[in-house]
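Paired with chain B in one complex and with chain C in the other, chain A is shared by the two complexes that follow.
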Partner chain A sequence: MNRTLRQIGLLIQKDLRIEARGRQTIGLVIVLGILIIVVLGMGLGAGRPVSGFGATSILWVTYLFGGVLCFEKTMAVERFDDALAGLLIAPIDRGVIYASKLITNLLLIIGLALVVTPVAMTLFRFDLSEHPLAFFIVMSLGVTGFTAVGTLFSAAVSSTRLQGGLLAMLVFPLSLPVVIMSTQLMRKVFEEGVPLTSTDVATLCAFDMIFLIVSWLVFELVLEP
Partner chain B sequence: MLKTSDQPVTITTIKHANAKVMSPSTAIRARGLGKEIDDWRILLNLNFEIPRGAYVAILGANGAGKSTLLKILATLLPASTGQLELFGMPVRNNTIRLRSNIGLIGHNSMLYRDLSARENLIFFARLYDHAAPVQRVDELLQYVGLHHRADDPVKTLSRGMLQRIAIARALVHDPDLLLADEPFTGLDAPSCKLLQELLSHQHAAGKTIMLVNHDIRQSLELAERIIVLRKGKIIIDEPSVNLEAESILEGIST
Partner chain C sequence: MNRKCLVYGFWSVTLALFVASVAMLFLYTPIEKTMGPVQKIFYLHLPIAINTFLACFVVFIASIGYLWQRKMWWDDLAFAAGKVAVLYCSVVLLTGMIWGKSAWGSWWTWSPRLTFSLVLWLLFVVYLMIRPSIDSPQRRAMISAVYGIVAFIDVPFVYLSVKLLPDIHPASIALAPAMKLTVLVWFLPITLLALGLLRAGYLLNRQIRTESQRNQNMVFESAPPASPTPMEELA
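And then the complex of A and B:
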């Protein structure tokens, strides 16, 4: 177990070091995220405060598109100069590669959220102040499920020529259960004023667990040298 | 000592630190090995044994199945039929354990271009649980003659230098089996010669080397045994001293 955790840590450290050198992924997704916020914020009426539910919906769109870009870029690092073969021939379980990519992607999306969310709150007066904890819990669990699916499929499509387009087409429909549930919970909390229950959180957690376990098990089959 | 375009290189001795528990005299044993991908038969009923410490070249035309065979030996691809044993252990049940005794060199470097040579090698040394990764990497950088470029990102290195770092990566865990898939592709003559010497030096140190190559004459010079594949079947499996380039070329072409 310790060896597995150490290997996961090594792979994450390597991915983050590569990202720190070029800032190719985080720079790109933050620019994309801010552009989405600006376009949708303007569409909803610049200067007018955007309600909590509207804000979470816009932020979801940002995380979804930014996330797909993260998944694609973090796996592209492995495909360049066949670096993936160097990993695959090492004495590590394929699940280690999945876990490290999942955590790297989550960290990048958290980085995106940490920049984009305050920008949205400042520029367009996104009002999340009524239920900040509910927002944090629901979005965190939703993004985790989405990232679990996205990491799996980024490995599957990274060896094909379609990549970006195909990845979005596969990941968006499959992560719909968590996205729909998250937005419905946010509507309930922000528009109807109904507090988040433990059942709501447990259901989202269950979706996450299913996505994580299935992706972990299937990852070896989709990872082609 | 050998002069290259960038830096004089001395092929020195290098420690073979990790004592392996695998000791049988046969490095590779394949019985009825076959591979099918989408109903395409890539490899058909291959039977061969490679003794420990042998230097074997695998030749064949494009599409003969050479690289697929190497990927199966590297445990990157499973065989569709037959049995494969490495160092007396069936690959099927011992994949992860066997990987700690295999080194792979390809025509791509398998390195991370934004990391330096040292960072790449330390990363792989730690992945292989090497007890003293920093020291091992220093030794290897000296061995391949690139200590002076150790901290430069690998994307700034020439093709020849990249291939030397790729060899260092393949040796980082001191494997007994070295698999090389067309490692000379795109190299200039001095780099090619240096790579040949590095492989020969590893062979002299007791490593088993399987080299997939297109250059028949070079393979006859380097390897002590030649396996020729045609349409997924072995058509020649002979010591290289018994063979001539023309007969191999004829076998590949017909």
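And then the complex of A and C:
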């Protein structure tokens, strides 16, 4: 167990070190996120305050597009100089590679969220003060499910010729249930004033668990040098 | 010859059942009081919706079969079932929209079942769309199989998520005995058509694969022999 955790830690460290040296992915997704928010702000009417429910929808658009870019980039570094072949012949389980890529992607999306969410809150005057915890729980669980699916398919499509477009095509429809679920839960919480129930949280957790387990099981099959 | 007769027989029976079902729909089934003649679309809508799920299930089973055995015929079967699922789901969406226009005065409402059908349609349209983007047949089959499995597992979550939307769709419909019989009769031609389309699609996919393999072999055979290396010339 300790050995597995150490291997996961080392792989995450490797990915983050590459990211820290180049700072390509995080910079790119943050700028993209801000651009999306500005475009949506212009489209929805500048200066109008937006409810927490609207905030979730706007932030989801940012996280979805930024997330796909993160998944693509974290897998692309393995294609450079055949690094993936080296990773595959290393004495580590493929599940460890999946776990490390998943956590790296989650960290990058958290980095994106930490910058983009306050920017969106300022520009749209989001009012999350009524139920900040519900917002945090729903969005965290939602992003985890989305990242679980995205990490799996980023490995699958990284060797095909239509990487970016194809990855978005694969991940967006599969993530729709979690997007619909989180936006509807936010509608309930912010518009109807109904508190978040344990069943709601359990459903989102079930989604995450199933997709994490299925992705972990089939990751070995999709990973090819 | 026998197989050809069986195929003609199958399609003739399907066509005859379609004609009989249409005749039954207009001559035997009573007109519903509230909605009028538009309600008749329901007899087509329900069997097609159930067959859509069956086609999605075939995609799921064939995808597992491919990952388990790595035989290309599983991929051909999954692809054919994916096409049937998209075709049937499109009809479900269209008939649902016609029903909605008559019942609620709008072509589209974000009701759970309509949204569910739309997401299901999107999931399997993507399944068909991604395939031509992947050059290698093995890689294409593998990515499609993984997607087919994850998409099918996604279906219950789509159902759970859309249940949170406000609903105006009827939860259950009380049907007169004559109406129930018509629904049951409509299941026969719709299911036979799905099976026929699945078989035709599967055979077509097999044929395309055999042809492309034959072409590849011909390219290898017609290639000029490699010129001898200097070492071979000396020998």
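Operating definition for what follows: the second predicted complex is superposed on the first by the 225 of 225 C-alpha atoms of A that agree within 3 Å, B and C clash if a C-alpha of one lies under 4 Å from a C-alpha of the other, contacts with A are read in each partner's own complex, and residues count from 1 in each chain.
Definition applied: a contact is a pair of C-beta atoms (placed from the backbone, for glycine too) under 8 Å apart; a residue touches a chain by one contact, two chains touch by 3 or more.
Keep in mind the model is a prediction, meaning the values are calculated, not measured.
A.B. asks: Which holds for A:Ala85: it touches chain B only (first), chain C only (second), both, or neither?
C.D. replies: first
A.B. asks: Quick one: classify A:Val31 as touching chain B (first), chain C (second), both or neither.
C.D. replies: Touch status of A:Val31: no partner.
A.B. asks: Looking at A:Gln184, would you say it contacts chain B, chain C, both, or neither? Reply first, second, both or neither.
C.D. replies: Only chain C; A:Gln184 stays clear of chain B.
A.B. asks: Given the touch rule stated above, what does A:Ala202 touch, chain B (first), chain C (second), both, or neither?
C.D. replies: Neither: A:Ala202 stays clear of chain B and chain C.
A.B. asks: Who does A:Asp93 touch here: chain B (first), chain C (second), both, or neither?
C.D. replies: Touch partner of A:Asp93: chain B, not chain C.
A.B. asks: On the A-aligned overlay, A:Ile18 touches which partner chain: chain B = first, chain C = second, or both, or neither?
C.D. replies: In the superposition, A:Ile18 touches chain B alone.
A.B. asks: Which chain, chain B or chain C, ends up touching more residues of chain A in the combined arrangement?
C.D. replies: Answer, by number of touched residues of chain A: C.
A.B. asks: Going by the contact rule at the top, pick out the chain C residues touching chain A in the complex.
C.D. replies: My answer: residues 67, 115, 119, 122-123, 126, 129-130, 133-135, 139, 142-143, 146-147, 149-151, 153-154, 157-158, 160-162, 164-165.
A.B. asks: Mind pulling up the chain B residues that touch chain A in the complex?
C.D. replies: Touching chain A: residues 71, 74-77, 96-97, 99-100, 102, 104, 106, 108-115, 119, 123-124, 126-129, 153, 169 of chain B.
A.B. asks: Show me the residue ranges of chain A that touch chain B in the complex, using the header's touch definition.
C.D. replies: 3, 7, 10, 14, 17-18, 21-22, 77, 80-83, 85-93, 225
A.B. asks: Would you pull the chain A residues touching chain C in the complex into a rising list?
C.D. replies: For this pair, the touching residues of chain A are 149, 152-153, 156-157, 159-162, 165-166, 169-170, 173-174, 176-178, 180-181, 184-185, 188, 203, 207, 210-211, 214-215, 218, 221-222, 224.
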